[in-house]
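Below you'll find a set of structures to go through.
Next come two complexes, and both contain subunit A; in the first it sits with subunit B, in the second with subunit C.
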Partner chain A sequence: MDNANIKNRLTKDRIVLYAVSLFAGLMAVPLLAILGEVLLRGYEQLSWSFFTEPTPTAYRAMKAIKAGEPIPGGIANGIVGTMLMLAMAALFAVPIGILCGVFLAENPKNRFSQFVSFLTDLLQGTPSVIIGIVVYIWVVVPMKGYSAIAGSVALSIMMLPLIIRSTEETLRILPASLKEAGLALGGNRARVMLRVQLPAAFGGIFTGVLLAVSRVIGETAPLMFTALGCSFIRFAVDKPISAVPLLIWEFFNDPNLQELIWGASLFLLLFVLTLNLTAKYLAKKWNQ
Partner chain B sequence: MESVIPILEFKKTCVSYTKQTMAVKYVSAAIDRNTITAIMGPSGCGKSTLLRAVNLMHSLYPNIRVDGEILLGGENILSMEPIDVRRRVGMVFQRPAPFPTMSIYDNVLSGYVLNGIRLSKAEKDATVERCLRSVALWDEVKEVLNKKGTFLSGGQQQRLCIARALAMQPDVLLMDEPTSALDPIATAHIEELMQELQKEVTILIVTHNMGQAMRISSKSMFMYLGELVEYGDTAAMFSNPSDERTKAYLTGKMG
Partner chain C sequence: MNDRIYRILLFAAALVMPLVCGGVVYALVTDAREAFEHFGFFNFLTSSEWSYTEGAEQYGALPFITGTLMTTLLALIFCIPFSLPVALFVGEYFKGTRVAAILSTITDLLAGIPSIIYGLWGFYTLRPLIIMLDISPQGSGVLIASLVLAIMIVPYAASLSAEFIKMVPNDLKEAAYSLGATRAEVIRRVVFPVAGSGIFSAYILAIGRALGETMTVTMLIGNTNNIPNSITSTGNSMASIIANQFGEADDLRLSSLIAIGLILYLITAVINMIGKIMIKRARIV
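And now, the complex of A and B:
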């Protein structure tokens, strides 16, 4: 082969490499831009009272704005509501998701498991607003009111596919010798799963749960139909409750509260990033 | 009269992965109590498949069929509950597989946990010490019993796995190339250990290593393409194989 040809090919190779690298770099731009925007606009609002006090009324906010003072109050009602609903959603979704994942990992090839696996994919692709309206029919209507329970049911349905898949995949990549060694000692399948396989898979499953939580923490649409919102701090599970993403929507719609959007957004963003980084760190640690 | 009944007996044992192909074909052999029997043969000859039939490992995989009989103390294991069989037949795998989430102490006792048998603290301590002593691991690990089993070296891990199997006091111990992942020194340790262990338990070992079969076993099986070609005293088989295929394997012409 002549030299010119080889040179030509090397040049092409280099051009493609540069192009690919450029677009990979560009991919970071949106995230960094969002983070920068929210940080710049939101950091001033972050203060102790922002996390400990509930949302101010529009009237109080208006008075503060007129007096040239910072808007009083914070998003504590949203934080409490988000945490409460996430905890309850995890309580519903984690056991069901793990059991379902165990089933899929242990019975990879029969009709029923293929059906369940297909449903899991469908659920993952279901728009959250539809899940919200269905949970409204299922929970809000019979309970005759919006509630934290209804909100957490909607969130738990959204968490399920992620937990199922992470459990299934983690169990699948465990060495077969682990399960065989457990069975060879005379354990039945349930005990080997409980005592050997699930503990060995704990890191991966926990990472999956964290990712599922960070996936639903910013969900707004399903909560509009279910949790509704609430302007004071409340721990009741059968009453309407607030959530941080709901607050962001409320602030957007109230000219007097718009200043608070950015602090709430910053909090939500940092929380999700922390969850993701923690999940990544745990996954790495577990893989060693 | 019990001593007359072999501890383990294969009677026309067949194992097939698919309907067309048999991995193990009509193997018949009786294994004497408290001996070490080596199963040799080239890769893919069915030796591991035969071994795994003994503790019903194949029942995990619905496509695999086991036919004929395998008698454990005169009783056909193919009609017994897997859990009962496996309690009496221990197994050690090719790669050391201590349970990664359990301490050394808990690994030894894992058979009891997995069988739902509760022991008192004193019984636990005694079992752990007895089993670790019998695999010559006690002195090396008695200070670190609460550390994870995976923290040990490969040879130590494999001895821990043997201790774990012995804790259930099985009649038969199956070993599937237990030293193939270990260095020569660790291998020598395990071989020495097996000589001791045969006083308590009957050992059936699959090995790729002819030297190992010669060093440790009193009887040997040679398998080829799923058939049991030859079975007899190890010394006699190595010095004077009766089948051409055995001879070819032992002299390195095949394998």
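And now, the complex of A and C:
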């Protein structure tokens, strides 16, 4: 082979390496741009009252804008609603999800569990807006109104597949000797699961729950048709309730409240990313 | 706890899944029936009329199906030049190194950002840019929605592709190196052919994500009920028409929106199933 040809191939190799690095590195741009914009614009709006006061009415906000003052009020109603719905959703999705994951890990070859596993994939891929429609039909229509319950049903359905998968996968990678040792000591399967396998799998399951929470916390579409929104702080479970992403959507659509968008987004973004990073960190730590 | 109660408890929990999934399909089908019966299934799919003048209501899904397919396809095209390098960077060139871990964290964080925040960023940062560059006068439209959608699906496509690229056996690559191949040639002649079906399935699953993405598209596509005639024109996707009109709709319009929801559900379900089956096959090889 002549020298020129080899040189040519080597240059090509270099170019590919540089192009791959360049385009891969470019992915940092949107992340930094989004973080930067939300941080810089949101930082100005943060204050103590932003977290303790509910959303102002459009009229009050308009008056403040006309007077040249910052918009009064904050997103406390959304924070309370998000927390309340997340808690109720977790109350349902965590136990059912873990039990279902245990079922899949205990019966890997059974027909029914393969079917359940298939359905878990199906549910995980279902667009969240569809979950919103379905919960509207299931809960909002029979209850004759939007409610925190409906919102939390939607969130819990979206959490379920993630919790099922993480439970199943964590249990599967535990050494079989663990289970065998427990059974050899005379424990029945329930006791071995409860006292040996589940405690050993705790890290993985906990990570899965955190990731599930961080995935649904920013969901907007399903809450629009179920929780609807509410402009004051409320703890009633059978009434419409607000949530942080719902507030962002409201601010986006109301020119008077637009100033509040970035503070609310900053809160949501920091919350989600912290949960995400914590989950990844814990997963790494427990894996060692 | 005795063994029988334990088994029954687990079975009962597992039964929740068929109930939920069956309930989803049942609810969608029963409530979409009115629209399908009124317009006819085929007619509903192919009609591009969406008008709610009382007495002469006319609803068809074609503009929204087109909108969804256009945004998804464009997003896929925009996503490949970034997700493939990310996958090669993490799975081949810098496998197991610190820079690769940093890049993985970056894409993980991108995957975690809520879609409504992507929408805000697109609307307040990217849209003025598109207007300034004179690409389209109003800024919003299919193009900008697809651009942001592409950024959102890069993490999914990249992380799964990287997994398959990592699995390419070393002896195959070493054999090629020993014959004098450069790294770029090894990637083209060994890595891509071996990991190809896995990479392909990663993109199928990324498509599944893009199809149902709601808030970002709703905030950026412009929300007009017409068939987009170019990539810069405005439109609506199946998810965005639902997000826009579900709250104010009743009777026939509500049923039509649910019918669109059913179609969207079926399309995503089929795409996801194809993706999952392909992944299973690719893992065995």
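In this section, the second predicted complex is superposed on the first by the 271 of 288 C-alpha atoms of A that agree within 3 Å, B and C clash if a C-alpha of one lies under 4 Å from a C-alpha of the other, contacts with A are read in each partner's own complex, and residues count from 1 in each chain.
Here is the rule we go by: a residue touches a chain if its C-beta (ideal position, glycine included) is under 8 Å from a C-beta of that chain, and two chains touch if they have at least 3 such contacts.
These numbers come from a predicted model, not from an experiment.
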item	value
Touching partner for A:195 - first (subunit B), second (subunit C), both, neither	first
Touched partner set for A:178, first subunit B, second subunit C, both or neither	first
Contacts of A:186 with subunit B and subunit C, given as first, second, both or neither	first
First (subunit B), second (subunit C), both or neither touched by A:33	second
Residue contacts with subunit A in the superposition, subunit B compared against subunit C	C
Common ground on subunit A, meaning residues reached by subunit C in one complex and by subunit B in the other	188, 191
Touching residues on subunit C, where the partner in the complex is subunit A	1-3, 5-6, 9-14, 16-18, 20-21, 23-24, 27-28, 31, 81-82, 85-86, 88-90, 93, 103, 105-110, 112-121, 123-125, 151, 154, 182-185, 187, 205, 208, 211-215, 218-219, 239, 242-243, 246-247, 257-258, 261, 264-265, 268-269, 271-273, 276
Residue ranges of subunit A in contact with subunit B within the complex	175, 177-178, 180-188, 191-192, 195-196, 199-200, 202
Subunit C-facing residues of subunit A, complex	9-10, 12-13, 16-17, 19-28, 30-31, 33-34, 37-38, 95-96, 99-100, 102-104, 106, 112-113, 115-116, 119-123, 125-134, 136-138, 157, 160, 164, 188-191, 193-194, 214-215, 217-221, 224-225, 228, 245, 248-249, 252, 261, 265, 268-269, 272-273, 276-277, 280
Subunit A-touching residues of subunit B, taken from the complex the two chains share	55, 57, 60, 82-84, 86-87, 90-91, 93-95, 97, 99-102, 110-111, 113-116, 161, 164-165, 168
